[in-house]
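Taking it in order: structure first as structure tokens, then the write-up.
For reference, chains read A, B, C, D, E and F in written order, and residue numbers begin at 1 within each chain.
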Amino acid sequence: MDVSLIISNILNPPILFFFLGMTAVFVKSDLEIPAPIPKLFSLYLLFAIGFKGGVELIKSGITQEVVLTLAAAMFMACLVPIYTFFILKLKLDTYDAAAIAATYGSISAVTFITASAFLTELGIHFDGYMVAALALMESPAIIVGLILVNLFTVDEKRDFSWPEVLQEAFLNSSVFLLVGSLLIGFLTGEHGWKVLEPFTQGLFYGVLTFFLLDMGLVAARRIKDLQKTGVFLVLFAILIPIVNAGIGLAIAKFISLPPGDSLLFAVLCASASYIAVPAAMRLTVPEANPSLYVSTALAVTFPFNIIVGIPLYLYGINLFWR
Amino acid sequence: MHLVKKIEIIANSFELSRILDGLDKSGVHGHAVIRNVAGKGLRGTAEDLDMTMLDNVYILAFCMPEHVKPVVENIRPLLNKFGGTCYISDVMEIRSTKCIASL
Amino acid sequence: MDVSLIISNILNPPILFFFLGMTAVFVKSDLEIPAPIPKLFSLYLLFAIGFKGGVELIKSGITQEVVLTLAAAMFMACLVPIYTFFILKLKLDTYDAAAIAATYGSISAVTFITASAFLTELGIHFDGYMVAALALMESPAIIVGLILVNLFTVDEKRDFSWPEVLQEAFLNSSVFLLVGSLLIGFLTGEHGWKVLEPFTQGLFYGVLTFFLLDMGLVAARRIKDLQKTGVFLVLFAILIPIVNAGIGLAIAKFISLPPGDSLLFAVLCASASYIAVPAAMRLTVPEANPSLYVSTALAVTFPFNIIVGIPLYLYGINLFWR
Amino acid sequence: MDVSLIISNILNPPILFFFLGMTAVFVKSDLEIPAPIPKLFSLYLLFAIGFKGGVELIKSGITQEVVLTLAAAMFMACLVPIYTFFILKLKLDTYDAAAIAATYGSISAVTFITASAFLTELGIHFDGYMVAALALMESPAIIVGLILVNLFTVDEKRDFSWPEVLQEAFLNSSVFLLVGSLLIGFLTGEHGWKVLEPFTQGLFYGVLTFFLLDMGLVAARRIKDLQKTGVFLVLFAILIPIVNAGIGLAIAKFISLPPGDSLLFAVLCASASYIAVPAAMRLTVPEANPSLYVSTALAVTFPFNIIVGIPLYLYGINLFWR
Amino acid sequence: MHLVKKIEIIANSFELSRILDGLDKSGVHGHAVIRNVAGKGLRGTAEDLDMTMLDNVYILAFCMPEHVKPVVENIRPLLNKFGGTCYISDVMEIRSTKCIASL
Amino acid sequence: MHLVKKIEIIANSFELSRILDGLDKSGVHGHAVIRNVAGKGLRGTAEDLDMTMLDNVYILAFCMPEHVKPVVENIRPLLNKFGGTCYISDVMEIRSTKCIASL
């Protein structure tokens, strides 16, 4: 049953194009999506998912369920970086541990989007306000990571300014565009949706497919970095997502989220940031080694989640939600 | 035609605004910036540009020789902290009205 | 009534994304639409609007109304740079005055497109041949501006070649693509329209929205330049569009244009060029200061027109057209 | 009849935009499609055509007709470079002759796509598996060209590695993306098609149109190179496509292909590569002069095929297929 | 390995064809052009590249020392009129067949 | 502040990986690459970049003077075969901790 879900997930164009991208690197094809096209696609995806989420949020209203979900999202975004930090400290220094912990406390929008495309195809409903949870979970881990660095390094006073850090955490382009599109969707509602639909809905699946082709290229190029990161981090990058998804599912069950929303919540908990957090970490914790936190998130956790994780978590939901 | 100094800096794009501030503070008000520079340095390759937003920039600034010292003082701490390299060399500037005469 | 129009205009995705772009700059978010994506979008918009205009022109035929409208467009494109030149000369030197006058004599295609999207949404009909007026009004102001410079500077003979200037005025990429697409729409008609519709029509509103996000970023970055331009130019950049729209509406009434076409004509008169004319001025009047003519057109007149101007001019039409 | 076909072909948006691009260069307009937008469009076209071909291949199954067509494709991809090599040797040295022969032995995907758009418009059916023939015909000519160079140059041992050449021939980005998309279309079938349709089908014609605008720019810029190539090569670049199309049609008739497939097969035989082969030749036969093989393929054969060739070959089919 | 001169020009993109013509007329037939250069000079920033089509280009040309004078004579009027800067420096060229020997 | 050598290479993009290998083998591990460089050289213009995939790259590498000789030995055959140019000049590096002192 699990395996059949995995296979039906894999036989989707986006996942297959992800494999195609990885294959291109392995066979040394010169295929590449030239910059800044991937950037355009990622802006488009944030715009489309945010806008759609906003439109659905105005339809559903801000119910108790919404508030509970957002509180749970906030909770997980703080819990994950703290507990993983102590696991990582076993093997790594404070800087690297904090940076990786922050990476896993935050989320990957593309993983979320892939999961929502998967649900759409299976005909499982999910709520638009999950996009608000996505937006809410991007930033806290950056702050938590930085507080951890400050608590656990005693030597010299680190010279960074909190305003700059908050800026980086809450106003970086991903968060800003996502939240902005959500608000605009919220303001323009059904009316705005109708005029934008051919753009935000019609192209969505195709752009995601093309974008995952590029993600495959990027992830595969990072794989050779994994030799430097070592077995510990590779295991970490596979097991922690499963644990986080498990905690996420337990919370979802506890606050009685419907199956679709639960899957998305689990995916948010399980995913790791490879854009916003790495950018913030380069700036705020320059002592940490970027190839550690980028490579684990990008070359292990991301492929694991979209290929195995999403159907696996859905399998868990199928077991416990009936 | 007179001698000026050429300052070349390669650094991560997130340092750009800080470096340009540093140049400005040191009295160097002209500069040119080339984005999307790939490369490899002490901290490894930076080729997955847009994905990880960790691409490099190449900053060029031509200035009077006396500005070099303040520039170095302002830029070095940034490069030491965030990475990047800076090089200085001699060039002749062609712009002033009388430069042809001096050839 | 006016205010309710403004609000219904503002609550549209394109305008809201324009605000989002401006906000991104004000809060110092690192959001940016990387080059050359905005260029692609602006080529797309010219292509789509030109093609659609051509298809509709072949349907309506070249009637007396069309000829009258084009004559009026030509008239305004020559009148505006001349009369504004003398106003500007009160405070500025000949070069700057001529360059700014040319800027305001020409038009902004995106303002026109935003107005047409606004009309579409309100269900107000407008004619395809207005695109021909748009195309016609881009270039004359460049020539007029240059003639003014030649008449009012006596010192040394300016060394520029008329062929080069005409080239720049009539064959710059915006004019060329717009006119070319118009002709092709005209040639292929309904048949061509059908095959291109998902591309030129389906995506139109979405691309406009995305493009206005970028325009918001660009306009906001220019706002700090306004300190250098001074109060005179800022007032000029708000009042002259209103005056020009007023003249435009009077002419439209005089030649009995229907409301939708009248609005578009007023918008053409009111808008200022921030691409074609600035590029031509750098080349033909290098003595003028680009930040004066670019910043007023981009950071004042453009936002004013799309936020306040378009609904305001429509309000005027509602008053006088019944 | 032939002329009316040519005219109905020319009055299509893609061809008209191709002319518009050429015109832009001739009148020295500064119109340009900035890099890497044309690259994005060409990736999109390969993706869309490959995916669609795969989906249709799974519907039709791998019949005897398919196998025969692919065998014929393979045959022509080997025959053309060999026989043209000896013609070219009359006037050129071995290196240039082999490089140009390889160029004409391979194919141009955009010519194929333009032909399929032309068929779609005329309502003539063609089979999805022709895309497999397209994919199959890209690479062999590179290998054949290289063998010819090795056979006909005796002086020094050329230092190149066959693995590198095979890599370049079979894993270059065009071939890789086309074959990959074909496989994925094959794997996901009707189901994958439905979710991707607005992207791969809806935008197809529009992107092709935009892309041909760029091709017009590029082809026209190359035209001045033709002075250097001389009359012999210009004649070659017009006559050989006609001969190849003729041979292709004869074979198509012989294996009883339906009219639509026959046209596409003739177009494959007639077209010349201006991307994959030139890139491979720069690497494997650096002694050859790129402007010879790029300019003939791009500035003569490509325009000839899309403007005159496609309707001409269809005229031939109309004559003999009834 | 022999000494050549390196010419670096930063100017607005609309000057590009004129500058390349100037180089060509001066006998410098090789050049490399990098587009989309952002920057700040006497005439203010030029960062809103595509919107206003006022982006800069960075032109590199390596040439024999004797070509420098004609280049300067041809390019300077353009730069004076339309803006932009030009710098000249010394580099060693590695290309001729015997260059290894001279190291 | 100490003297290093600046190596500038302009070549076709398909040579890039080979050239970087050559640098690496010669002990030069840092480099920066700018893509999409248009230009004109012995083999004609290369401006139709994406269409024909024949665009150039501009490679910058700063290295110790003793590395120049092996670099030249490794790179020259490539440039002779596939085209491209290589230039070498002197620059001062600002990075080591004591560089301010030496000004």
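Quick notes on this one:
Here, contacts are C-beta pairs under 8 Å (C-beta built on N, C-alpha and C of every residue); 3 or more make two chains touch, one makes a residue touch a chain.
Protein names from UniProt, one per chain: A, C, D = Sodium-dependent bicarbonate transport family permease; B, E, F = P-II family nitrogen regulator.
Values in this document were obtained by computation on a predicted structure and should not be read as measured data.
Hopping across touching chains, the smallest step count from subunit A to subunit E is 2.
Centroid distances built from C-alpha atoms place B farthest away from subunit D. Across the two candidate interfaces, D-F and B-E, the one carrying more C-beta contacts is B-E. With chains reduced to the mean position of their C-alpha atoms, the one farthest from subunit C is F. In this assembly, the C-alpha centroid of subunit E lies 18 Å from the C-alpha centroid of subunit F. Mean C-alpha position of subunit A lies 35 Å from that of subunit B.
Rounded to whole angstrom, the centroid-to-centroid distance between subunit D and subunit E, based on C-alpha atoms, equals 38 Å.
Chain contacts: subunit B has residues 34, 36, 50, 89 touching two or more partner chains. For subunit D, residues touching at least two other chains, in rising order: 34-36, 39, 198, 202-203. Per the touch definition, subunit D reaches subunit A in the complex via residues 35-36, 39-40, 43-44, 47, 51, 167, 171-173, 176-177, 180-181, 184, 187-188, 192, 195-196, 198-200, 202-203.
Residue ranges of subunit A in contact with subunit D, taken from their complex: 11-13, 16-17, 20, 23-24, 27-35, 37, 121, 198, 202-203, 205-207, 209-210. The part of subunit B that touches subunit F in the complex is made up of residues 8, 10, 34, 36-42, 56, 58, 68-69, 72-73, 75-76, 79-80, 85-89.
Across the complex, subunit A meets subunit B through its residues 35-36, 38-39, 42, 214-215, 218, 221-222, 225, 274-275, 278-279, 282-283, 286, 289-291, 294, 298. If you check the complex, the residues on subunit E that touch subunit C are 12, 14, 36, 43-44, 47-55, 81-83.
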